[in-house]
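Read from first to last, the chains carry the letters A, B, C and D; within each, the first residue is number 1.
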Amino acid sequence: MSETINFTTTESMLINVANLIENDKYYWVAIGGSPMMAMMLARKTCAPRAYYVVEDGTISPDPLEYVPFLSGASGAAEYRAVAWKDMNTVGFHCAMGYYDYGILDCLQVDMYGNINSTFIGGTYEHPERRFGGPGGANEIASMCWQTIFMADQEKRKYPRRVDFISSPGYLDGSLRARERAGLPANTGPYRVVSEIAMFGFDEETHIMKLLAIAPWVTLDDLLAEMDFEPLIADPLEKLPPPTEQQLTVLRAEIDPGGRILGQGTWIEYTPED
Amino acid sequence: MDVLASGKGVYRTPDPDGHREWVRTHKSRELKSKVMTAKEAVEQFVSDGDYLGYDLNIHKRGPTALMHEIIRQKKKNLWVAVRFSGMDPAILIAGGCVSRIDIGWFIQSGTCSRAIQEGLIKVTEWTNGAVVYRQLAGAMGLPFLPLRYIGGTDTFEQSGAKLIKDPFTGQEICLVPALNLDVAVVHVHQCDEFGNARIFGSGLSPMETCSCAKKLILSTEEVVSSDEIRRRPQLTTVPYYMVDAVVHVPFGTYPGAMPGLYGSDPEHMIEMMMADRMDTMDAYLEKWVYAFESHVEMLDKLVGARKLIQLMQAETFREGYRA
Amino acid sequence: MSETINFTTTESMLINVANLIENDKYYWVAIGGSPMMAMMLARKTCAPRAYYVVEDGTISPDPLEYVPFLSGASGAAEYRAVAWKDMNTVGFHCAMGYYDYGILDCLQVDMYGNINSTFIGGTYEHPERRFGGPGGANEIASMCWQTIFMADQEKRKYPRRVDFISSPGYLDGSLRARERAGLPANTGPYRVVSEIAMFGFDEETHIMKLLAIAPWVTLDDLLAEMDFEPLIADPLEKLPPPTEQQLTVLRAEIDPGGRILGQGTWIEYTPED
Amino acid sequence: MDVLASGKGVYRTPDPDGHREWVRTHKSRELKSKVMTAKEAVEQFVSDGDYLGYDLNIHKRGPTALMHEIIRQKKKNLWVAVRFSGMDPAILIAGGCVSRIDIGWFIQSGTCSRAIQEGLIKVTEWTNGAVVYRQLAGAMGLPFLPLRYIGGTDTFEQSGAKLIKDPFTGQEICLVPALNLDVAVVHVHQCDEFGNARIFGSGLSPMETCSCAKKLILSTEEVVSSDEIRRRPQLTTVPYYMVDAVVHVPFGTYPGAMPGLYGSDPEHMIEMMMADRMDTMDAYLEKWVYAFESHVEMLDKLVGARKLIQLMQAETFREGYRA
């Protein structure tokens, strides 16, 4: 029997995303938070030649360390970029098709990959809870070739239909729905990642499809944390558990204080041989 | 080229010819000194009811000194273009200055959320990019620009965008109306007395925000000679003829960071965010804004030289931020 | 009796334009040739605070000397600009209304101030003589608030109607013709300048109107060099003759070799007391 | 949003999604060396029938070495976007490379005028600004842009522009279709082996021309380290991922001027213009292009070190052209 490993759900989420990141592909990454941590992790492990832009116009920087949002205000986040441009320039490059993947953290993602960051409950005019709006997620989800969403596995985060489509997934799921709305052809959600699951989307129906599940949870556990039943791949794959290298890089290089990694709950997992 | 759908959000009808008339009659082509105090600049160039924009946010290169002065002068009913923002809309809202916002994005803020939920301020939905893109349209002298996003979403429905058939390809594409701000306030690294300005580091929309505005107030870390500007014309972000006022305010973005010069003040940031969360923004503004006549007085009495030197030391990345 | 002065028609043309140039106004000047020479002359005489851009994106340069077209290729023409931008940026600033006047040299200008730089004779498909096209004159004549045209006083240069409207004047002269074509409101030709005449345009009909005439020619001489009869101002003013300062600056500072100034024919003129 | 009028000029229908597919499948995101010879770059990236653009002209910062190589390789049926040009369209036409041009403007040239009058090349009318604006539309990933000029003229009638009613204001405005070149050839001051490039001095449309093209060949005065590029990210004109080939050609714009580095060669310019006037361009091309394998061979055998040193000395204005 293998050794037992311990990690937080936050670590697991970041690792699941980092495992998707490829060398020699270009990413538009949300400027701070989990997507950037996942990118840093990938660049220090499986994909040292993954390149990215952020929304403020920083093109292919080479930061020395992960830069959390507030210190993203410092020069550290822009360090050794190949170009310092602006938001519109990054938008133009994305519109021209240069960015393969977007990576976004999201509040809610529905069965068609539509995401909500505007309000929950009540009506648009009288919302119960109002949030910050789409930000740059709309342009990322519209114009990158493929989009990777991160959402914790909680029922309220996986509704059947979001209260408000802040940024586009496959909209109503119908053929060419995105193109009819003016969005670039052949784009759309690619993966939805949680701490325990990896989803894709059915090519025909555009309905979310469970591709892989963490080996320490059951399918029933997972489905209990969703408001709708996703399609399920056959065979359903197992997600690889965190490696020692990934956990070490996260803990020693990316978040040495454990300020963010420590926010998740702890998992104890013993791989089968 | 039929209009297939229109968002129902409120927006100001673009008026490129009206903007041209403003530029013709109000923007001086003269190379004259525009140096004045923040108090003078805001008195002269910010009016109640103005459509206000600024570049970046209170965490980084935002025009804090000028925003504080707007709050100090109790400007009212501003329509604020909010994208990629931090606590900046929160302090403007807490100051009672705002009646309407365009939302690209605001950071999680009790002040903002409450004001919207209670209907105290009106909202039109956009995206970060769309707000900046609308400013670009204004800065190009156009009434609108086509764009490849926003479509299909509820954001579109609550925006002022339209979906049309492109007459060249027959394909669907969205249009957004140009935004020409009434007044923009922007903090820069360097400018000369006429307003020829340099901003270093990644932008957000320095050119667009400065160019699209009827009235433009720059605050600057440094006033340099016009000779220095003319030695490196490549570095000029906007030329003088767009600028109405130049306000010399070192540490003018404090508590935010000025890339290459000084870092942000984490203690202050936490104090600001706690005030927002605890709904004690009035006390925060009293302490940091109303109690003083100017930014430098606040820096002198509340921040102090030791802290400012620490913030300069904290910004260890200086490469690339020099002329 | 005053002293006799001698000057070329080229000098007279440049001086007539320079006399129109004002301090603290902004000009979009064609990148080389006569318009730039007139600007240099004005900046060294009556309007040291006249500012200008050229089409390549040079904003408010402070060149040490007049830069003829080919050496416009050197850094001399860009020297001490307040900003080095590009053609589109200059176009945006013009579209926003920052440029008070355009100054253009032209091949042909008609009674409504339309200019032709595309072809003469034959048809568009089979032109007898083909020229270089509108260049930047179209944007200058469309978007500057007012446009100053330079055209030698020759019948073929002042046709009733140009063979081809390369760049817009008042089009067919009708009310709001420019606005209906999508051009900015309240713009249009301001002056047409030759070596012996200054024209404006009637506010109602938009027909070219003779405002002033050189004191060394008669009205009949002038009209013989036009294909149409312009409106004539009452009173018809006399153009001021070249001053000694203007001629000295032109000859000593702007074109010391006389390469361009010497191309005109010589005028001998003795002012009346 | 009715189409009120359409020019009858020939233009390529914009296809932003087609351009995206090209970028997706042909543009490498990899940071890999793209350094090659002009011969290799033109062989690999310029095809007969391509829509070709370049920045500036043979008098200033034009890509002379690359244009000569295109002529040397006898590329055919190019559609060339000509604006603010000098003798450059004339040498391409004389080389038999061109079948169609977009006219912004060409300098008075017997070669050009004759080719048009005799119907040897086809023409669509635009303006300098409109050609560059169409490239901007392509560089923004759009199918079209609105603009405030070209309307009302015969130029409009012979162009591909349209006049519409703006759905936001109800006012008339023109639209021009985006131009995504098949191939752009641009000469720069500096770039690294990956293609991160710097151009100093006033532009014309360096960003637009580089960005809108499917294939982009840069020639450069200097290849600098990528470290050097990353030290001053502000100065980068276009990032590497747009670049397909980097060709190191010092004096690559000769006989034209490279601002800040060397002046143009007036003797050569006169020789070129006389060849155009006397209809002896074949001999001119034989002497300056076909007789050599490369630009450096031509410089070495026909121009010589003394002349090159003189040209460097002639460019006395260096201020502002340095990193």
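Convention: contacts are C-beta pairs under 8 Å (C-beta built on N, C-alpha and C of every residue); 3 or more make two chains touch, one makes a residue touch a chain.
Everything numeric here is computed off the predicted structure, so don't read it as measured data.
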More contacting C-beta pairs: B-C or C-D? The answer is C-D
Report the chain whose CA-based centre is farthest from the CA-based centre of subunit B.
C
Interchain centroid distance [CA atoms averaged], subunit A/subunit D, Å
40
Averaging over Cα atoms per chain, report the distance between subunit C and subunit D in Å.
29
Could you state the distance in Å from the CA-based centre of subunit A to that of subunit C?
60
Considering subunit D alone, which of its residues make contact with at least two other chains?
16-17, 141-142, 147-148, 171, 173, 200-202, 231, 233-234, 319-320
Mind pulling the subunit C residues that touch 2 or more other chains?
58, 78, 80-81, 84, 95, 143, 184
The subunit D residues in contact with subunit B across the complex are 1-3, 13-17, 141-148, 162, 164, 166-169, 171, 173, 175, 177, 200-202, 231-235, 319-320
Partner subunit B, residues of subunit C touching it in the complex
24-26, 49, 51, 58-60, 62, 78, 80-84, 92-98, 100, 143, 145, 184-186
For the complex, give me every residue of subunit B touching subunit C.
16-17, 19-24, 27-31, 139-142, 194, 196, 211, 226, 229-231, 233-234, 236, 238-242
Per the contact definition, I'd like the list of subunit D residues that touch subunit C in the complex.
56, 59-60, 83-84, 103-109, 112-113, 116-117, 119, 125-130, 132-133, 136, 147-156, 158, 163, 171-174, 200-208, 256-257, 259-260, 263-264, 266, 269, 314-321
Residues of subunit A touching subunit B in their complex?
54-58, 70-76, 78-81, 84-88, 91, 95, 114, 118, 124, 126-139, 142-143, 164-168, 171, 177-184
